[in-house]
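Notes follow once the structure below has been shown.
Letters A, B, C and D mark the chains in the order given here, with residues in each chain numbered from 1 onward.
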Amino acid sequence: MKQLALIGLILLCLADMAFAQQTITIGFTVSKTGALNVDSLEQYRGFELWRDQVNAAGGIKAGGKIYKIQFASYDDESNSKRVQQLYTRMILQDKADFLFSPYSSPLTATAAVVTEQYGKIMLTSGAAEGKTYTLGNHYLYQMFAPAPEYLKVALDSLKSKDPKATVAFVYEDASFSVAVVTPAKAYAQQLGFNVVFSEAYAPNTTDFSAIIDKVIASKATVLLGGGHYADGSTLARQLYGHKVPLKMLTLLVAPDSPQWVELGDAAIGVTVPSQWAPQSTFKAQYGPSGADFAKAYAAKYNTPPSYESAGGYGCGMILQRAIEQAGGVDTAKVADALNATDITTFYGRTKFSTAANEHGLQVGHSMILAQWQKDKSGKLTKEVVWPLPNKSANPLYPIR
Amino acid sequence: MSALLEVSGVSKRFGGLLAVSDVTFNLDEGEILGLIGPNGAGKTTLFNIVNGVYKPDGGTIRFQGRNITGISPDKVVHRGMARTHQIVKPLNDLTLLDNVTVGACFGREYLDLKGARAVALEVLQQVGLGKRAHMLARSLTIAGKKRLEVARALAAKPKLLLLDEVLAGLNPSEVGQMIDLVRKIRDGGVSVFMIEHLMQAIMSLSDRIVVLNLGRKLAEGPPDEVVHNSDVVEAYLGFPDIVDKLTRTAQA
Amino acid sequence: MSGVLASMIDGVLVGAVYGLAAMGLSLIWGVMDVINLTHGAMIALGMFAMYLLYTLHAGTAYLLLLPVMGVGLLLGIMVYWMSVHRVVGRPMLMSLLSTFAVNMMVIGIGTAIWSTSPYNVNYSVQGLTLGAYTFTGNHIAAALAALLIALALQWFLYRTRTGKAIRAVADNREAAELMGISSTAILTIAFAIGIALAMTSGALVSTLFPFTILSGATYQLKSFVVTILAGLGKPFGALIAGVLLGLLEGVVTPFIAVSWIPLIEFGLFVVALVAFPQGIFGKRAAA
Amino acid sequence: MILRRPFFWIILAIAALFIYLPLHGNNVSLREDLILVAIAIILASNLNLMIGYTGYVNFGHIVFYGLGGYVGLYLATVRGLNLVAAALIAGVVVSLCAFLFGLAILRLRGAYFALATIGILQAVQSFVSNFDPWGRSTGMYLSFESYQSLGGAMHALWVTYYLIIGVMALSMILSLAVKNSKFGLGLFAIREDEDAAVVLGVNATVYKSIVYSVSAFLPAVAGTFMFYKNGMIDPSIAFEYMLSLEGIVMLMLGGQGAVMGAALGAGLYEKLRSYLLTSPKLSDFHLVIAGGLLLLVVLFAPGGLMGWFYRLLPRAREVVE
């Protein structure tokens, strides 16, 4: 009888231990198909690497419990119509505790409607456009520096090289690039540049010859713009094919991807405003160092991480820290912890605005400018060229 | 009293071809007027002008004393002129009842659906299709489809009925039934204007006949008079058997 | 050299490719009264065929057009028997839907294989530089290829036995059958040629622009515009209409934002349809 | 008159089921699935008026839904109108637009009309993408606070759901009413043979214009509700060509011409698609399967499911219309 009681006690303890180890479900959609799939995949790999590393290390320890991470994710086809259905499904059916955003500003905006309706925390990456955060949300947290920051770095760097440059803006007519370029135009004029041409193109454009002919006619020497991977890479190729005499070419998002090397000579000298680069030298107060992250990422995926990947990993890290500080997964407590977050990781500083009219907007993170250069062996590499104290190489100017 | 239908100086040109040229004739109330002529004489074109499918290039058409030149076919029906087609045009996937109901709904009296169904059933009985009212039109034989054409036109309660070769393709007993039907229609107070190739039939049915050749009116008059018209005989010279028939019919 | 002129030349060069893309659509439409909605998917398959062949066997990309054409003929025969044969002569809605169904399947399979990521054929021909403007060799070569194919097609339709039979069937299927032409065989051949043309144009486009499995849709819509302008089954009509369309794009773009182009193009399309419901060069569709 | 059709009560029962099922146990997840089914039914039913009743294939039917969404959202957010009023005005405005488009393209027959509808869709999408007051290709966003007027976000979702189910029921009732009317008979005559219909007295020009504008009204109203619920609208989701084409697939699958056909096809297709999309093995193949189904239906069963059902039970025509 005593033995039986002992066995019972042991069983109870085991059950209790098993109970102490819980799972946290994190929901998000990935654009496996559709126009956004390249960028979205990189973001997803960031999420995935974080999950695998956390689980391998035993899980998140908070409030005396251990939480393993599991994902609930679906393909949104780069289409915001599906996003709401899928986020609702993840919240209600898959019982997701927290959510990460889909890739891109419009998809995030639609997902935010659902997450706000159900009062769920969503960390967004790959969604720089700031409008969503001004619509009166309570549970959104943005990892990326907001859109107006993007081209500031490029224009600042240009100012130091060629204060009299003539500038053209050619950009995708989509929420993110419009949100980037509109303040950038004003900033360029403020810096005294002559903006000679500005035109938006349709998101699925493949033939840029008409716009390129206009750029040539405008006699611009610097071109800023682009949008996402597909259009940005095509624009760069065709600018090169038409031998447009540009001294500087800065495109959003696309040149940050490791795939950019496929452009060959057309890739040389192209600059990209970046949330993060492997060369970034932030001293991590929390989580891995930049070098460790890059190494682990390259080992797992055979390709260097892009800033989408770092943003994705960053979402995980910041959420993990907030859970640890909150001592559990209670939404209100985690939200408080996130609101109080001000931390530097390998990804840089992270701090969210707590003002009611822009809750969750990223106010701590700053951007860098990276440039594709040929190293001594003739291999294409991406170097940080701005801001100067952080640089890993000197800017190449003019590029052609 | 003025004529029911007055066609004066009507012409129609397709590209370089003058299909109908300066045709003038009248149709009186209560009359059966026949329209004959060799193939390509412009008979169906003339029908199409009269009921508004084509706009004439010149000339006027008056119906019941009012000018209807160039108004669309659906309005012509509302005025009280209905027609059938030489090449039948059944509404294949509708029942016979629905086919005929369309005629009644949008005809001269512009009935509502309920009233139209009643009329349609009546007319289907009249043309001998009453038992098949709920069949699909596509399942009918050619003779049945011709009757359906007539039924739809009748359901519009027209003052004038245009019949375009309703006898063609029917076997002799069906021809006989159809001829009886046309007579009954006229006796019911509807005037008839009909194109027919079957000479025997049209000679016996018509009160008067208009002959077209190469788009022109060749002759007009009672059947026996038309048959003896030398122009008509000449026009049909290419078809000796027809001349033969014409003469025989006239003698009979 | 002025920007407008450069823009016009660019327009003409790419317009020739639009013309080529439309020839297949126009041929099938003219011969069997079928609006082939697999057209766009076939153009996309042409792009990927070129991509695969070029990765296997780099060299002169233009020589690879021949195997692409061969694949197109085979695929055309398959698609004809799968989706078109049973609906030729039925209401146009039927063939519209059956070809659309095949289109969905091709796009679905293509998405499963290649996802919808953009691909490139990394092949470039030395271009021509006039002043500040450079016209890429790929564009010039593609326009020339389009012209050559139009010539070949014209010769085929007007000088060979089979070509004449195709025209006879297009003109009047029953009469052609009475003259001993097997209309089934001719329809199969015509459909196969139509698909081969679509794939060839796709292969050429792949040397100019990046593409995804969905890229065919744009060229399919442009093919509609060209076909409506040109009338049915006329290779040179299509080429000229294509060039006109490209020229229009070229003339207009220096003066307005490029994002307005689709509005102008589709506005023109609707106007052309309404004004010339049977095509400008006219072939009456069965009433 | 229409109250005497048994199917009228079946429609009401379906709508009641749509409301009861998710409400029972507050199953919000089911509600989200059903809302997409309801939208599909609305689009397919109204498309049925054109394709199934009148015989005119509209490849660009989605243009009404998208334009309705834009007009409604603009009125509701920028102009601050009440949601239902905004939706009704959107319906009227879009119907008027449809009437104008119809004046231009309804003189075309058959395939030419079908092609012109693609042109209209693309032209409208391009126009909206360049139209500043509607945010060009960025579209319009709804403030989270705007849901407060409907009692908070959670409640607003239920309200829009009821509204959309209402529009769904109205769409089916409209189809039923048209089918049993003189107007509907005129449309059927046009579908079977337009020339014959005209000669029988049907004013085809007017009838086609009316049905084309009528088929625009309810999709436009539904568009307002749906994009309001969605929280944002942009040209690529408002005018999705693929969705327009899927509407045709649904209709063929269910059986064109039958009121139930549109609803059945829409329901089944949407269910199938969400199943395929969330099943990891099949998600790449949903297009293949949908295309294969469509091909089989077109080649071997042009009457769709309802056609097959009617052949099995001819008497059912009077009940399940």
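Everything below uses one rule, namely that a contact is a pair of C-beta atoms (placed from the backbone, for glycine too) under 8 Å apart; a residue touches a chain by one contact, two chains touch by 3 or more.
Remember, it's a predicted structure, so these values are computed and weren't measured experimentally.
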Contact clusters after notional removal of chain D: A, C | B
item: Closest chain to the centre of mass proxy, which here is the mean CA position; value: D
item: C-D or A-D, whichever has more C-beta pairs in contact; value: C-D
item: CA centroid of chain C to CA centroid of chain D, Å; value: 32
item: Centre distance in Å when chain B and chain C are each reduced to the mean of their C-alpha atoms; value: 48
item: Rounded Å distance between chain A and chain D, as computed from the means of their C-alpha atoms; value: 37
item: Distance between the centres, which are taken as Cα means, of chain D and chain B, whole angstrom; value: 44
item: Sequence positions of chain B contacting 2 or more other chains; value: none
item: Junction residues of chain A - those touching two or more other chains; value: 32-33, 173, 200, 202
item: Touching two or more other chains - residue numbers and ranges from chain D; value: 129, 136-137, 284
item: Interchain contacts, given as pairs of chains that touch; value: A-C, A-D, B-D, C-D
item: Touching residues (chain side chain A, partner chain D) in the complex; value: 32-33, 74-75, 77, 79-82, 84-86, 88-89, 92-93, 106, 109-110, 112-113, 116-118, 131-132, 135-137, 173-175, 178-179, 200, 202-203
item: Interface residues, chain C side, partner chain D - complex; value: 35, 82-83, 86-87, 91-94, 96-98, 100-109, 111-112, 217, 221, 224, 228, 257, 259-263, 265-267, 269-270, 273-274, 277, 285
item: Chain D - residues contacting chain B, complex; value: 180-182, 185-186, 188-189, 192-193, 195-204
item: Partner chain C, residues of chain A touching it in the complex; value: 32-35, 37-38, 78, 173, 199-202, 204-207, 209-211, 213-214, 216-217, 229-230, 233-234, 237, 241-243, 245, 262, 264
item: Complex contact set, residues of chain D against chain A; value: 28-29, 32-33, 36, 129, 136-139, 141-145, 147, 153-154, 157, 229-232, 234, 236-237, 240, 243, 274, 277-278, 283-284
